[in-house]
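Naming follows writing order (A, B and C), and every chain is counted from residue 1.
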Amino acid sequence: MDSKRWDDLTSKNGMLGYLDMNLRGAGQVFFQNNPWTGLIILAAIFWGARAAGDLNVAFGAVVGLFVSTTTAILLNVDRASLRQGLFGLNGVLVGVAVPIFLHPHPMMWAYLLLGAAVSTVATLAVANVVKSWGIPGSTAPFVFTTWVLLLGAYSFTHLPIATMGPPALPAAAGAGGMTLSLHTVLSSLGKNISQVYLIENFWTGVLFIVAIAINSIRSAGFAVIGSVIGLGAALVFGAGAGATASGLYGFSAVLTAMAVGLAFEKLSLRAVLYAVLATVFTVVVQAAFNTALSPLGIPPLTFPYVLTMWLFLLPGIDLMPHPKASPVVSSH
Amino acid sequence: MDSKRWDDLTSKNGMLGYLDMNLRGAGQVFFQNNPWTGLIILAAIFWGARAAGDLNVAFGAVVGLFVSTTTAILLNVDRASLRQGLFGLNGVLVGVAVPIFLHPHPMMWAYLLLGAAVSTVATLAVANVVKSWGIPGSTAPFVFTTWVLLLGAYSFTHLPIATMGPPALPAAAGAGGMTLSLHTVLSSLGKNISQVYLIENFWTGVLFIVAIAINSIRSAGFAVIGSVIGLGAALVFGAGAGATASGLYGFSAVLTAMAVGLAFEKLSLRAVLYAVLATVFTVVVQAAFNTALSPLGIPPLTFPYVLTMWLFLLPGIDLMPHPKASPVVSSH
Amino acid sequence: MDSKRWDDLTSKNGMLGYLDMNLRGAGQVFFQNNPWTGLIILAAIFWGARAAGDLNVAFGAVVGLFVSTTTAILLNVDRASLRQGLFGLNGVLVGVAVPIFLHPHPMMWAYLLLGAAVSTVATLAVANVVKSWGIPGSTAPFVFTTWVLLLGAYSFTHLPIATMGPPALPAAAGAGGMTLSLHTVLSSLGKNISQVYLIENFWTGVLFIVAIAINSIRSAGFAVIGSVIGLGAALVFGAGAGATASGLYGFSAVLTAMAVGLAFEKLSLRAVLYAVLATVFTVVVQAAFNTALSPLGIPPLTFPYVLTMWLFLLPGIDLMPHPKASPVVSSH
């Protein structure tokens, strides 16, 4: 079905339009405004969750997506941003993160609903703050909301923690890098991409690339390049073997490469070097947040990407804003 | 005496005008621009301090109030903001906090004077930063100034710490919620309100409600509702028994309910749900800061309220700014 | 050679112009737009590094300076800011900090190059953020970049840590202030100034004062006054003996005294009191960051100065902006 006919259908049929904006939300995490991209991404999340034996993560993704988008509708937000899925992208990530880090408990689902609804308020709030600087809020609302939920869980008896922490003072890294083979390298490259959605699964990563590529080959290219640079930098600096192999040093680099790379209309040598510098530095920022959040026992989530993306887009020199990389979310 | 005659008196008599703006400052912590509200609040603080056997807290409140207001006069600040007490509200809180957390020592009083004076500079600084986003600085200057003073005290021999800390890594909450009875519930509801001024005393809380009600029944209503929602959320999520009973999970919720509730001109169902969402989320933010500040050994103060209030006022959707909830502080 | 002839020479000769903007960068750390000031400062850094037996620090300074300035040229930044050295001031500090805190290792030099290049991007980013508030970015880009590098090093095997940390929970200060004698006081006053460049050496401090004085006696005066007030406040509050003697409580105070003092066109009594308040409070902020960063095992660098300077310049009351104290960095 061509894009024009689908647009007609979704604008006429309310239910289909609602489904469409939700699916686009899942795609916007990778800067893709395309419902089919979102659909494949959700399928890849189900695949990864099933492989890990915890379907709650996939259900959480769907619930988070629908709750955050529905909250946006109730808040009468800007219609154009809503239809592009810009209010679902943070909710779907909250929905994935909560079941990963907290025990499945009825209260966890109430917490997830609360977090998904708040992620929409946070999306509006962050957009209002950053708009004067010409940078996108991106996944910052997801990060702030989820950090609050996870830190709060340490103080709440009814929200037991599953997989994060325990809080510990940082210690200098010991020796021992990742064992290098074609298998470990390929596996890590795929997981660098799947970990954008907090999932450690090579095939989920491959499906994500397919989902991006059906909308934009260029975007998929930047994602793969980001994964390669991220892995390379982690190996050169000597990041921890386990974390590198699991994709934990590369997922932020994937997003930075996409955001900064897509921000340029034309890729001059200077632009390429700028994007490479940003991507390499993302790995250092990732390492820095691994250290800094260790005493609190919470994960950096995508904040290393958000911070580096802001750092490299704020100067605005010769960076023609690319519409897909700079979603502007505004309220009426 | 009617309001008109009092205004005439205070504008003619310099000393009375000075007293008036100080008393209003004590009332502005609860968003009330009324000297009698401030007077009753100061009396309630004296009551609470005397009951706890530490009158330094009450003296600190008065000193902090006068020093911060006087600093504002010396800095030639905007006359209208000054007369509404908007420069005393942070100073009075600094004046309460320092004697609570640090040992009474001559150097503590010098520290308190320094902090109260700086709180006025911080009020101007924060107002300048947030003004472009249409949100009030509220008690953020108190929080930032006091955090600096308290963190600094750990490094200074002459400023021994009394009641906070010790710094500890966060640990997952153990079992055991608050024992529920009419007595414990009522006590906690009152302390949720008294803790806005860092005081744990049921009757101080009751007096605070009276002080608010003589100026605005609506405000007092929001304060009580905030206290009820705050306690409810703390019980549902399973917050620590001692902290819940002492009002430490509810005071920020009280302020959020007032700030967000008062921001709406008319209370539609949607507006009520929005304010309830904000108030419930404040309890999660409170829990998050309890965790996050544990390694530093300092209290969250009112920052959970400030952050949540900013989060929910920043979107600005259909929120007609209520003058009392949005004090605009500006310099000449 | 008079200033006019030098300007002619540097604008005609590209190589000389490049050298000139680099030297000015070294001077801008102390707000001096003068190549000879920068030259003497670099000489003083070599002196201090040689006395400490670690010339890497001095080489790092030069490399950081040239890399950050060159990055700025490649990014086509605003020509006027570039020629004033406003892109070298953060790079030279990154270049000093990395060899001080990390082990000299080939990877450390790669890290230093990366950090110096990023410091230029950070300078543009911070300038874009703070410009709407009328405050300078100053050394904030150095602080943010270096914090990321140092925190990251804890996670990287190939970047072993030399002198910072280990991370530890804060503990209340023990007894024992600095022994007071003419020798210890003078030594501390000089080191308060040398520590602006992270160097503990009395004569380096003296040379810095000379370097400042050849461009502006007034600036040198504020630096000395800042050092005296910083030491005084540290002694009064009872800061740790070792840190006070090493200049670690005074260097931020030196910079605050200069930045706030120079911001006033004329020094009224009120302006003097304001600058003194800022300088004294800087020592408290310094102590606060010593506490707050202890669990992360990284140093506060010049952030206590940056934060206090922002706090006291943001109000903007009667503070005529002094061009040298308010470098405006902007991109085309």
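Operating definition for what follows: contacts are C-beta pairs under 8 Å (C-beta built on N, C-alpha and C of every residue); 3 or more make two chains touch, one makes a residue touch a chain.
A quick note: this is a predicted structure, and the numbers were derived from the prediction, not measured.
In a homomeric contact, the two copies may use the same or different surfaces; for chain B and chain C, under half of the interface residue numbers are shared, pointing to different surfaces. Simply put, chain A must spin 120° to overlay its Cα atoms on chain B, rounded in steps of 5. Distance between chain B and chain C, defined via averaged C-alpha coordinates, is recorded as 36 Å. For chain A, the set of residues touching two or more other chains reads 132, 169, 295. Residue ranges on chain B touching chain C, taken from their complex, read 74-77, 107, 110-111, 114, 117-118, 121-122, 124-125, 128-129, 132, 147-161, 165-169, 295-297, 331-332. Put simply, chain B touches chain A in their complex at residues 132-133, 169-177, 236-240, 270, 274, 277, 280-281, 284-292, 295, 310-312, 314-318.
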